[in-house]
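As written, the chains take the letters A, B, C and D, and residue 1 is the first residue of each chain.
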């Protein structure tokens, strides 16, 4: 099951996706056992570790441009005895070059290149693939939503989640806020092939003109 | 107007009620120009300073048991040239002894004695008075609600407020949560005097029994 | 995996735990394949259905006092071809009588009897068991926290979760709030048996004094 | 003071800015007694009414394109005996034509034309003016932030506010969420005129070269 406790991960000073957010992100990602998952802006690798357990016969490609992060991802993969994480020390989308295919993309950090990352991810993703974006800025959220709104082959849902943990202080429980995150989940669909149907009047049909054989997307003269 | 910027207050290491919460607290308190206001658990005195401006011909009694807080309240009162704040270095409700009457009570810190504080405040408050409690623990919130539910002469409304500030980082705005606060606002009402009416059958009335001594709300002849 | 879409459940007019809350509740519950799960105040049975998939070789006892709810749980169990849900049409804790043992308790509705429910659940729960309470009122939250604070054999964490869904309206995404829920997760532990060990010098041991029979908490002389 | 209770306004089916949001919006707007305020997308006029009380010797121009809204604003202005609201039945920014100057702009509904509205508002606003935008969509929020980020003569702060009201149900208080709002507050500043000062050594000054008359922004040779 998903939802490893935060304190079980090695963290250093790298920001970590918190347990509750990891749970929601992974549940929305609907990772299958043989999936190829990319974790872009992997940070501590906490999401990568949990994703790698779900994609037990697949792979998680953990991409981060920060050297300290790469170190800590390595340590966490070892700590949890995960052997199906491939760590890519690179910026995104550049680092995606070495990812053969993508079934699920988890996008955390995007270094100001979310549109380019989404384009690259999309190129390696077949219908049925899923993208889950965790946004901590309003601009990234809207950039992601804009990209998705233009794409007829993606459908998405999105929500903002705010977690307020109750910190036990003697007889009291103090409310302590975590920073809210917006989670956008998109699924790629097969676009229906639009078949052009030409209706003609009986009069025309009665004339025995040899009609052009027409396929979707072709021009009348048969070229594309 | 209410809503002084946070950075204009001297703070030290004393926790401060944030601008947005101050605005809501003061607006709900509906402080009049001649009101006597108590600010219990005054902290930096940020609420006291703003309350003192509203109660320009009244007084604010700022109570805090912490010496550092008392120092900082003093400094803030001076900084904002407020001369109608009376600082009481004491625990609550003990410190309320030297408050002659209360029109508005702002309750922040309660040191585990919210019920006692509410009892003491109530003793010095006439109908029309208002209490605004800011709660950072679930237990204090429920303690306050319980006290109010038992009192027929108080009506309250309550809400939890969560402020997520957008922090400007170059082209981006990152969402940063403040801890949520529950704000309970109560108003004291004049309980209607319940008039006892004794109905008697005509038969009894016709016997010339000496009629019972009349109570408030009855006409001289016993009818209404 | 957890997280069935809301619209796949039959709902009627019964309130339903929303997808995001179900995900968090189930992840925190850490349900094992052979677990006996009770879902108290099961409502539409959405949690029961998802729990029953996780406890594939165990059982889910779905308890609800409302007849309409019982109907809808039945329909949802059928719709998702679940055969390990046992529906108990009863109040809680009364309905718990027919539950042989509890590994995981999911407590939604409690009909004002949360303390009694927790006592009953605890009676049927061994160390290692987990309780997840979803609270929509402040009072139930504090009642649950109070019960847990008194129990040395339970440890808990708690958080409030607020989900704001983005509703797609043309080029825009409007923020629509779901009501916040507090989720309290508790785990039962084996209290360590305190065994008193008395060390004596060899010299004493060699004397064949008949040693007092000692119980934990007693002083050497047998008094407490 | 600000913060009229919601139920005191006539509402019909027009969406209304809730009390807590009105309080925060008005406090951030820092309306002065003689200000000219525009309320764009005025809805029920609840903000206009409260703004008109603050700008007691100024005016509030309440703009709404919806006829029902115009009716209800009229009714609310009458109910609260406000005589300094001028209602403009028009779209924005078109309706701004008849507004002579703007000290404070409150922007609620923007009908997809936030950028144009901000440009128009800015044209009628002097340094010292304030704009408060209430956003219910992510796109409008980012559009507003983008406009402000490009303007050196504006400084802004922004926050998202979530109000969860406690609804009294017998012994319980149920948490009911209002939809969250992002509030962006911007203030217009006087851009400092950069005055070029050329320092010359005494030696040079003693030579009686006729110095060029220099204006801000000109190069030494008098070109721009």
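In this text, a contact is a pair of C-beta atoms (placed from the backbone, for glycine too) under 8 Å apart; a residue touches a chain by one contact, two chains touch by 3 or more.
No experiment lies behind these values; they were computed from the predicted model shown.
Visitor: Any chance you could name the chains that touch chain C and chain D both?
Guide: A, B
Visitor: Tell me, please, which chain's centre (mean of its C-alpha atoms) is farthest from the centre of chain B?
Guide: Result for the farthest chain: A.
Visitor: Could you please state the distance in Å, as a whole number, between where the Cα atoms of chain A are centred and where those of chain C are centred?
Guide: Using C-alpha averages as centres, the distance is 32 Å.
Visitor: So how far apart, in whole Å, are chain B and chain C when each is placed at the average of its C-alpha atoms?
Guide: Spacing between the chain centres: roughly 38 Å.
Visitor: State, to the nearest whole Å, the distance from the C-alpha centre of chain A to the C-alpha centre of chain B.
Guide: Computed value for the inter-centroid distance: 49 Å.
Visitor: Which residues does chain D have that touch at least 2 chains other than itself?
Guide: Residue numbers touching two or more other chains: 138-139, 145, 160, 162, 164, 166, 171, 173, 175, 180, 182.
Visitor: How about chain A: which of its residues touch chain C in the complex?
Guide: These residues of chain A touch chain C: 1-3, 20, 23-24, 27-28, 30-31, 54, 145, 149, 157-166, 171, 173, 175, 182.
Visitor: Can you name the residues of chain C that touch chain D in the complex?
Guide: 112, 136-140, 162, 164, 166, 169, 171-180
Visitor: Which residues of chain D touch chain A in the complex?
Guide: Those residues of chain D that touch chain A are 138-139, 141-142, 145, 160, 162, 180, 182.
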